[in-house]
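Each structure below appears as structure tokens.
Here come two complexes built around subunit A, the first alongside subunit B, the second alongside subunit C.
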Partner chain A sequence: MSAEGQKLGLAIIGAGPAGLSAAVEAASHGVPCRLFDEQGAPGGQIYRALESTPLRERSLLGADYWRGGELIESLRQGIEAGLIDYRPEHTLWQLNRERELGTLSRGRAALTQASQVIVASGAQERPFPVPGWTLPGVMGAGAAQVLLKSSGVALDQPLVLAGSGPLLLLVAAQYLRAGVPVAALLDTSPKDALRRAAPYLATALGAPDYLLKGIKLIRELRRHGVNIVRGVEALRAEGDGQLERVGFKRQGQWQEINAKTLLLHQGVVPNVQLSRALSCRHRWREDQLCWVPELDPWGESDAQDIFFAGDGGGIVGAEASKLQGRLSALQVAARLGAITAARRDEIARPLRRALARELRIRPFLDALYRPNEAWRRPSDETLVCRCEEIDAGQIRAAVRAGCSGPNQLKAFLRCGMGPCQGRMCGLTVAELIGETQGRPTAEVGYYRLRSPIKPITLGQLAELEIPEPRAAKTEVD
Partner chain B sequence: MPTRLSSPDSRPTLTLHFEQREISARQGDSVASALLAAGIKSFRTTPVSAAPRGPYCMMGVCFDCLLVVDGVPNQQGCQVQVRDGMRIERQLGAAEITP
Partner chain C sequence: MATHDIAVIGGGLVGAAIAFGLTRQGLGVAVFDEGDIAYRASRGNFGLVWVQGKGLNHPNYIEWSLRSSERWSSLAAELHALTDIDVELRQPGGVYICADQQEFEQRRALLERLRTQSGGRFEFKMLDHQALAERVPAIGPEVAGASWSDHDGHANPLYLLRALHLGLGRQGGRYLSGAKVVRVSRDGDGYRIERADGETHHAARVVLAAGLGNVQLAPQLGLHAPLKPNRGEVIITERVAPLLDIPTHNLRQTGDGTLQLGDSHEDAGFDDGTRVEVLKAIVRRNLRLFPRLASVRMVRAWGALRVMPPDGLPIYQASRSHPGAFIACCHSGVTLAAMHAGPLADWIAGGPVPDQIASMSAERFDAHTTVVA
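This part shows the complex of A and B:
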């Protein structure tokens, strides 16, 4: 049996706020863990490249970014103490209900079984399909932030941002702080956004300083004289082989701006690839317009001994993700006999109070930045499945021809069957099917996902080291 | 052209071979970051319509940054760290399956 094949107590997937906090909390109770992460360095998306970013001027990326330093320091101590076995550059291609983790690192596949698993695979940007969004030069706002943090690279100008949500404003501000001009910010928030969010304002005021931060960001953009265009009704990206112009419709009139980069953003949604591949029970969150796995108060799913912490279980933000990571780790520590149930509950109590405080802002943010139907159910000529190049018109036609749901749509159109495995189209497809059939998205459901959730070659699978007890019955499901 | 904002940048400089060009990168860049910083926007053409594509998400989600890295096709450019002397090509259409 190889070293990889020995059964682990605790495996954690993802080294962002939730995964790091879970590892550190477990280590504080003497529970060792193996922490797998796809990236080369810890931090997830929010604290990405914190130890190595060339942008050392702290005001540029901002205090919320540098706050991650403490957590990464604790990780380093956990590694030093021999309690956290940190495995960067490990891509997870499988997790099943037997808690066998299939990983791939530098072309080498391995299979590891753990008795407890905490999945902290975070969020992705909500798909934002507009005509031309596949042109080189059109990217997610999150992508621009990754480039800033990890490489100090600012994208080609003129640069236009479009959409809604806190991240869009933050990216604009970070560019401006770095001296990079922003040609325009096209705000797609519905006109009644503030009115819809107003009922949640009183609760939001009880949350830590999120509201103040948002107001400061908007003021910062105004101070820099950014052209903020409100009430944008439609968008399109145009160019020959790459982006050259951004068209936008306001008050029924189309206008154009020259642009070499267009950054799109309309919020983030949970990364459900693993929870779906595990066939966990999911529910539709109408307030966040996304699917989430059903979890108990410790984050455990209906797949026994598999927990979900952080944005992967519903969008909560970095600080709440840390608390959820710690709560899941406490339950694992109790289950493995490292602490008593009473001790677990005693430590959990203040964490739960802090979590409730953190979450007070969410209903307000969810209502304020809820994208309108028009942005979630694109016009017929808009590509929805980027991999197989299927547009919204084809999807609507297939549904009218009798296609019953997302899984049958694969047979009709190959929609969702490309390399991204539905990550970029799944939510849009469900919305379009619901719209055409006249039923709620919650009833439409989602793609059935199967491992491998990341590409692995047959050669790599063939060379897989298989732990002895499973050698006879191993399969890739 | 995109701008490298960081000067001084203490990270070591590496050289990549992109088709017929030499590109300088920094340790810690992903392959996708290094190509974008060098002004390369189109990374592949699609198997369906041969449309040009470049990175969209930079976090392993969209699979639009697929490249051939050191002869191996279907590599997510945003998930592969640069190493000195790496050979990188655009992925044109579907990857060829070779024994």
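This part shows the complex of A and C:
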């Protein structure tokens, strides 16, 4: 096992389904790895706090959640065998094409170089900017789910959920099971969603579990008497310094309901902060309305020896993420000489078949839960960049004044220049620019991201140990 | 084909300032800028309006910088009136902080020479630790002192760029984005401008202000731009309470409260990324001067490529072989903005040659001698 600062064989970033599976697969071929994770416990978002959640009654969080137990058990075995060097509470603030990982843990920054890197940094919620979305009391449904899993925290009531996508239904059901009543679920799915998704139904039938799960969730919500309002055309959160009411428009009429908590959600998109910071080639996925890094069949990007597995390379879900993590680990094991190419291919074959099966449902889900333009391209008065407080109207005006793209927009408005580096606004900004310029989002591009991708203090950077002989002489006057 | 009185190639701080000055004269100006991805030194600019320490053995450059500093407040006022953009110009004076006594003495000797060479126009004073602490209470206990100059200040380079773009548009100029120019050639009495996207324009006169892009364009007009990229890396922090109302040469607090740390010099080719050892060196230097910054969070760092002639001085020149063709290259796009929008633009529009720039043509490199006016 390599000492701190020395060059590593394999580094894995993220201990969710993809990262854990990659670590376990590598270990099974005798390839050691160091597994960095921001959280204090393994599981990523989906299996968050699985070992410690106060909600031990299994029906509360559901079978899909508890399925993570097996993977975490394998992690523990890998740690015991001395093959997985698991590093929780390590925030990654830098990754470059030389595969130098800048990490931060307990206030200390470190720099480690690895010969192979598997990034499994997962998904984030798609931005859902509506008027008032920055009011205290409004949050992402995903964030609320994390709260529930890790601490069983009850939210202020009345609780309203709004948006679309399977996670929204699941979170509503989980809060209900935990005893928190849901005042309303405002469904923003387009009216023609089913018609648009129908052509994909035949292939989706190959993965009947998913379809059944969705139907069961809706039944469960109805059984609990949740007021499900369909055909919502517009939303706004209102209140004096704190959420008090949710306004929604239906059939052209505005209505209001009282709420102390509003959970917004319109699907998840890949977290591309790292692939963007690496300046990897990306392509726009019109079916998923997001950017993804271009990857080969093993998940390797155009940054050599850097792989992306799981939702970070395109939304695939937990089960497919595990398979992708294993495939990347196989390629790494072959490259490091632990297995032959023939052995790699032999193991990969059934994994690829299983992956194809898992992905069959995707076109149907993508079409069914595709958010309408109106939800992705907000009205002028809606805040888009939370860090710098820039609204959609300012962005449209800057583009009309000649701003050519997201990077120039930084110069025009400081948009995307706050501590989140555009994580919360990047997609919305690209869509607004495309709309105003009358060209497809795919052509608009994205922010160029700069290190550090997570804030570190000047003192921590000053104390960073840079392994020799890398440190070069530099003139600073 | 679109025709213009003058085509300015390059929409960064240099090109935009010249174009702004030309539109002020009522000329039909078109600015050709690249798209969303470009090297764009203007975007990485540190934002100093700075005179002290510049121009040793080049009195014309000292005077050129001094005149710009003096004219800056009227440029800022003009832009504000025209565009409603406050470019956050502050000219409270600036300090160069000396970590130890040896640096302090070297600094004094350098600035003495600059004062003499400028005929007394450049003024400064040395502040010892205590005098500095009275003006800049945040300095660390080991700091020896600083040089102070009343000529210095700072502005927001992004707002300046935006105000210039907006201002030239208000005065009838055209700003063309996504219009990278690949070729400029004679076309009757004027010039034909070919863009990378295939579109062509005609202009009676042409100004090359394309930063590092001038290297390729200059020979097409009988000009010479021996420029090299010189990378500077800049760190920006979260917003903090007012700490520093005077800019220093490697740390300034911006109008919105963030701190900006520089400044490094590297030969890194055309790589505008960052290197962790450079960032660390910048931070260590600044923490020695300002220890209390250790707990401040850094949110972003970037590299940008200075447009650097071999001797560090600007290049301004009219082509001998191609009448009506001009070139402007420099790495002080903020400091010199007032001269670029003023006397330099006036010259290009047909006015007199400013005294200071006669010695700043690229011909100085042909003779392999140092230019001393």
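One rule holds in what follows: the second predicted complex is superposed on the first by the 468 of 477 C-alpha atoms of A that agree within 3 Å, B and C clash if a C-alpha of one lies under 4 Å from a C-alpha of the other, contacts with A are read in each partner's own complex, and residues count from 1 in each chain.
Assume a residue touches a chain if its C-beta (ideal position, glycine included) is under 8 Å from a C-beta of that chain, and two chains touch if they have at least 3 such contacts.
Just so we're clear, the structure is a prediction, and the values are computed from it rather than from any experiment.
Undergrad: After the superposition on A, what does A:Gln408 contact: first (subunit B), second (subunit C), both or neither?
TA: After superposing on A, A:Gln408 lies in contact with subunit C but is clear of subunit B.
Undergrad: Look at A:Glu358 in the shared chain and tell me whether it touches subunit B only, subunit C only, both, or neither; answer first, second, both or neither.
TA: Neither partner.
Undergrad: What is the contact status of A:Pro455 with respect to subunit B (first) and subunit C (second): first, second, both, or neither?
TA: In the superposition, A:Pro455 contacts both subunit B and subunit C.
Undergrad: After the superposition on A, what does A:Met139 contact: first (subunit B), second (subunit C), both or neither?
TA: First partner only, subunit B.
Undergrad: Determine, under the contact definition given at the top, whether A:Gly418 touches first (subunit B), second (subunit C), both, or neither.
TA: Touch partners of A:Gly418: subunit B and subunit C.
Undergrad: For A:Asp187, decide between first (touching subunit B), second (touching subunit C), both and neither.
TA: Neither partner.
Undergrad: Where on subunit A do the contacts with subunit B and the contacts with subunit C coincide?
TA: 418-419, 455
Undergrad: Can you tell me which positions in subunit A touch subunit C when the two form their complex?
TA: Against subunit C, the touching part of subunit A is residues 94, 96, 100, 102, 111, 401-408, 410-412, 414, 417-419, 421, 445, 448, 450-452, 455-459, 461-462, 464, 466, 470-472, 474-477.
Undergrad: Which residues, counting only subunit B, touch subunit A once they are in their complex?
TA: Those in contact with subunit A are residues 1-6, 9-11, 26, 28-30, 33-34, 36-37, 39, 41-43, 46, 48-49, 51-64, 66, 72, 74, 78-79, 81.
Undergrad: With touch defined as at the start, can you tell me which subunit A residues reach subunit B in the complex?
TA: Answer in residue numbers: 38-41, 45, 49, 52, 54-55, 89, 91, 107, 124-125, 133-140, 142-143, 146-148, 150-156, 178-180, 241-242, 271, 386-389, 418-420, 423-424, 454-455.
Undergrad: Can you tell me which positions in subunit C touch subunit A when the two form their complex?
TA: Result: residues 33, 35-37, 42-43, 158, 161-162, 165-166, 169, 175, 177-178, 235, 237-238, 250, 256, 261, 263-266, 273-287, 293-302 of subunit C touch subunit A.
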